[in-house]
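Structures follow.
Two complexes follow with subunit A in common, the first pairing it with subunit B and the second with subunit C.
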Partner chain A sequence: MRGLFHKVPLYWGLAIMLFMLLFPFVNDSRSMLILLTQIFIFAIFAMSFDILLGYTGIVSFGHCMFFGIGAYSTAIIFNHLEATLLNFMIGLAIGIILSALVSYIIGSLSLRLKSHFYAMLTLAVSQLFLVLAEKWRGLTHGGDGFTFSVPDVFKDRTSFYYITLISVAVVFILLKLFTESSTGKVLKAISQNEYRAEALGYKSLHYKLIASVTAGVAASFSGALYAVSLRFINTNVFSIEVTLDALLMTMIGGLGTLAGAIAGAGIIEFLRHYLSELAMTYPIFERWTIILGFLYIVVLLVFPSGLAGFIKRINLKNKRKMKKKGELQRVA
Partner chain B sequence: MENILETKDLSVSFGEHDVIKDVNLEIERGKLISIIGPNGAGKTTLFNLLSGQITSTKGEIYFKNENVTKLSVPLRARRGIGRSFQLTNIFPELTVLENIRLAIQSSSKDYYSIFPRLSALSRQQDEAKAYMKKCMLNGKEHVLAQDLAHGEKRKLELAMLLALKTELLLLDEPTAGISIEEIPAILEVIENIKKDGMYTIVLIEHKMEMVMHLSDILVVLFNGELLASGNPQEIIKDQRVQTAYLGGLHRESIKTG
Partner chain C sequence: MEVFINLLVNGVSTGLLIFLLAAGLTLIFGLMSVLNFAHGGLFVWGAFSGAWIYKETNSFLLAIVGAIVIGMALGWVLERFLIRPVYGNHVRQLLITLGGMLVLSESIKIFWGPNPIRVNLPGWLEGSYQFDGIIIIKYRVFVIVVGLLLYLALWLLLSRTQIGLMIRAGVMDKEMVQALGINVKGLFTFVFLLGAALAALGGALLAPYSGVVFAEMGMQYAILAFIVVIIGGMGSLQGSALASLIVGVAGAFMAYYIPDLSLALNMLLLAIVLLVKPTGLMGEKGSAV
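This part shows the complex of A and B:
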């Protein structure tokens, strides 16, 4: 497996995973577990966005729609049927199939054109879903949303924590395998030089569609978990802020690295949590979104390739230093 | 010898401007053909037509007796028509090895597998190294393509074409923008490829010494028309070619002259 993992700091991943597995034994504060659960859910969402933007170079302004489709499918099923695990699976499956269909249709309509058509079309369709959720009151209860009950395993904060943690790990491994596969390599190639990839015999439309559907399915999964975590849903899941969150998370973590997307989700969710807590003492922090905006600008100016790119740069610098040292020693 | 590529009345016009006019080209398998002609004669456009980057307004292209006129770029590449570009065209942020592996992956019909297979990976690795050796890129496996010297990028392009298992190599000015010291190396690589005998090479080139040295057949393109083709020594003596290539005269006077 060396070929597959030589670039990935595998030990770091395992260490973090172990720490997260043991965490509930060390600290069982409810709010902390809820916060971490949110981070895991958004980590999946951010990774799915990264497959599009970071790996394939497709810009989407409506990624929230897949998140919302997943969330609403699960919520509506639980609202109408009993709260059992089987029904969760059914809801999840409906969400995933719908997302795959929608992403396939949007993709095949617009991906053969220049990338901003995809961005515009996803934006339009996601707004369409927002309107649909507002107006189809019989099913969605409009903007007020509705609450629903979930299976007991999901109710217990600790067990749900583990479920989401394992979900992140599984999705990460699956997507990692996907990006390291031959299809994943072609995606990377297309993002760098689509013209060349075609000249090599790769039909870029097919690959972009694969990326688009994969991202849609993963986003739908995170949406389903999100709905379950809140036990409540309203039209906010279709709002443009959800897409922007994903964008911010992947940008901060570093485009084109799945681990970066997870780190980005962690940073944003922690900031959001603590900044809004600070607002109780310092009213200025009620406008914490402004601070996120500043953070965004700083990231773009100082670390244009995100956290992952920053770490890579430091590693490279150290390596060069070591090399120089070695050469000097040899000369001496 | 059979013809690997034939064009029949191939024409393309941009607006009212005819860029390629009724070109009938027959390319024999295993030969090296050079296309020469003044700037704007339509050489690169002809390449674009052959590889599918643009579609013809009239005429047909036959590759191995199959009509490929309507096929897209990737499909023609899969049939065995590969090309290099006037401006180097590689994947800048992938390593040399990864660049070549992408070509191998395409030629081994490994298009859509979504799980990595280790056996395939190591086989591709070995294959890639063989192509690197052939194109004199040894020891550069893990260098990012963007960090290569210009001449090495050219070699990488050639290696990718070989790895694609192309039968027909369309090389658009492989020595353009390369320093004089690096030219012999490129020349050697092209000669090596030619010696293999498996490939048919079509070359666009301005450096006449190189053209005369390498070519089996010389094709002269002028104002989008096929002016002459045949043995290089004879072609170069042709009065019409001389006037056309040295420029100065109008097309009409050449036709009558």
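This part shows the complex of A and C:
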């Protein structure tokens, strides 16, 4: 456990966690709870994407497929079986196993390719899943989707809020442990210089596969929670917009910092919420996606290391200033 | 026989439209190894602005010229503000051009609304030719002729002119060309604008062909064009032309006989090529591995 929180100060994380735990007692407005639940779900998804892009340097444009696989597995189980917690576990397990398999197969076939080709290939495969979901009407009801009922624990907004909150915390800790493990260190090495990592004797393909299966499984989990939160599913879960969401959240929050992914999810979802509210009075905001697109480009160009990198830079500057002050005083 | 010829004509004309998109993509990649995801955005802008100008002015020629001009203007903005700051960094190029794609296809909805737009054929291209019971739609023949002429023009540009020589040399070895005192960045801007013009032209030609245009079209055709570029070999014009025809014709036949598998077919082609010969059918420069 040592070193687990050495980047994100432990007390900050605990304070935020405590605040979030108490939040429903302070403010129990339904829409706020729903928004926060949505943020938690996407935070898990964004963290899973960060394992790929931030920690390993793999560019995947098809990450939505794992989200969709998780969502559809749970939804289909609830559509055919009773709405019990056990069945949720079964659906979740199916989704996770399928995602692990798919990410393993895609990865072992194509992770040896250069980043361009891998990005393209994942994009194309995810589109294939979209087409599959649209055509396999017997199972998915096509583009119209279907509604389904969920266990009572999930129906209650407050209890579902706590379930997703704890899920974020657990996934964060697990992924943090993963990135701080020796495997995680190798991944970081690969993202910085793949050839050097290879020269040191690490089979980069092997490690990249581990990263992509981990990311696929985590994404599948968030997809399952997403389906449960809506109690409805359609082919939108496989759309490129879902992948773009993950990209935006990790880029804005800061690559290679799991906490950044959570912050990014919060920023994007809050923005989306308020922009779509603004759209009711000012129709120009109906196209808020374009605002997110511009934001994304600006972040990429101006703050390539995202919010987390920006904060780090300011901290560093302050420290330097302090140091200088200290030196000056000593001289005087 | 009638079905066969019709499918062939459909396939070839679709293939040539994809080629217009893929040609710019392959040259841009070959020269600067920039995989431009926003290329599909230029395509869809070409389609919408072409359709809009045609509706306003009723002149098909003006529509095409207008679409090309708008495509090139957008291409210039893209190259100047998005791609130039991230030269040499593949990961950031991928990420930023995807953002460009998002903004381009979303801004379509600001100008023309979120719903698909119907596009009519110009009068002189309506109707069809008839030979012994075989009906061939006029517009498809027109697309084929334009596509072949453009291929020829591109080929002449690349193989017979000074600038073509520089582009081909740049694709082969960029550093060497730079060392010889040729402004590769300027060359790249030229190629980028050429690619943008071709993409917009492809879009403008596609609009009346499919009869309806929608904002998500850019991504769909961009994926097709990427598949073509990879199958044909990155940086190879001939490879892209050949692969466009293969994808177009195979797609037309699949869509007729096994419609559910038509997209899967392209994916299958892509997977096979990437796994068996990652350099593509005619790619020489650099491997995908």
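As a working rule, the second predicted complex is superposed on the first by the 328 of 332 C-alpha atoms of A that agree within 3 Å, B and C clash if a C-alpha of one lies under 4 Å from a C-alpha of the other, contacts with A are read in each partner's own complex, and residues count from 1 in each chain.
The rule we apply is simple: a residue touches a chain if its C-beta (ideal position, glycine included) is under 8 Å from a C-beta of that chain, and two chains touch if they have at least 3 such contacts.
The shown structure was predicted, so the numbers you read here are calculated from the model rather than taken from an experiment.
After overlaying the two complexes on the shared chain, residue contacts for A:I210 are found with subunit B alone; subunit C is out of touch. Applying the stated contact rule after C-alpha superposition, one finds that A:L121 touches subunit C and leaves subunit B untouched. The larger set of touched subunit A residues comes from C, when the choice is between subunit B and subunit C.
In the superposition on chain A, A:T183 contacts subunit B only, with no contact to subunit C. In the superposition on chain A, A:T289 makes contact with subunit C only, not with subunit B. Once the two complexes are overlaid on the shared chain, A:Q192 sits against subunit B while remaining clear of subunit C.
By the touch criterion defined above, A:K323 lies against neither subunit B nor subunit C after alignment on the C-alpha atoms of chain A.
Using the contact criterion defined above for the overlaid structures, shared-chain residue A:L200 touches subunit B, although it does not reach subunit C.
When the shared chain is aligned, subunit C comes close enough to touch A:L113, but subunit B does not. Overlap of the subunit B and subunit C contact sets on subunit A: empty, with no shared residue. Residue ranges of subunit A in contact with subunit C, taken from their complex: 57, 59, 61, 109-110, 112-117, 119-121, 123-125, 127-128, 131, 135, 240, 244, 247, 251, 287, 289-290, 292-294, 296-297, 300-301, 304. Taken in their complex, subunit C has these residues touching subunit A: 29, 33, 35, 82, 85-86, 90-92, 94-96, 98-100, 102-103, 106-107, 109-110, 219, 223, 226-227, 230, 260, 263-264, 266-267, 270-271, 274-275, 278, 288-289.
Residues 1, 3-4, 177-178, 180-186, 188-189, 192-193, 195-204, 206, 210 of subunit A touch subunit B in their complex.
By the touch criterion stated above, subunit B contacts subunit A in their complex at residues 51, 72-75, 77-78, 82-83, 85, 89-94, 98, 101-103, 105-107, 110-116, 118, 120-122, 160, 164.
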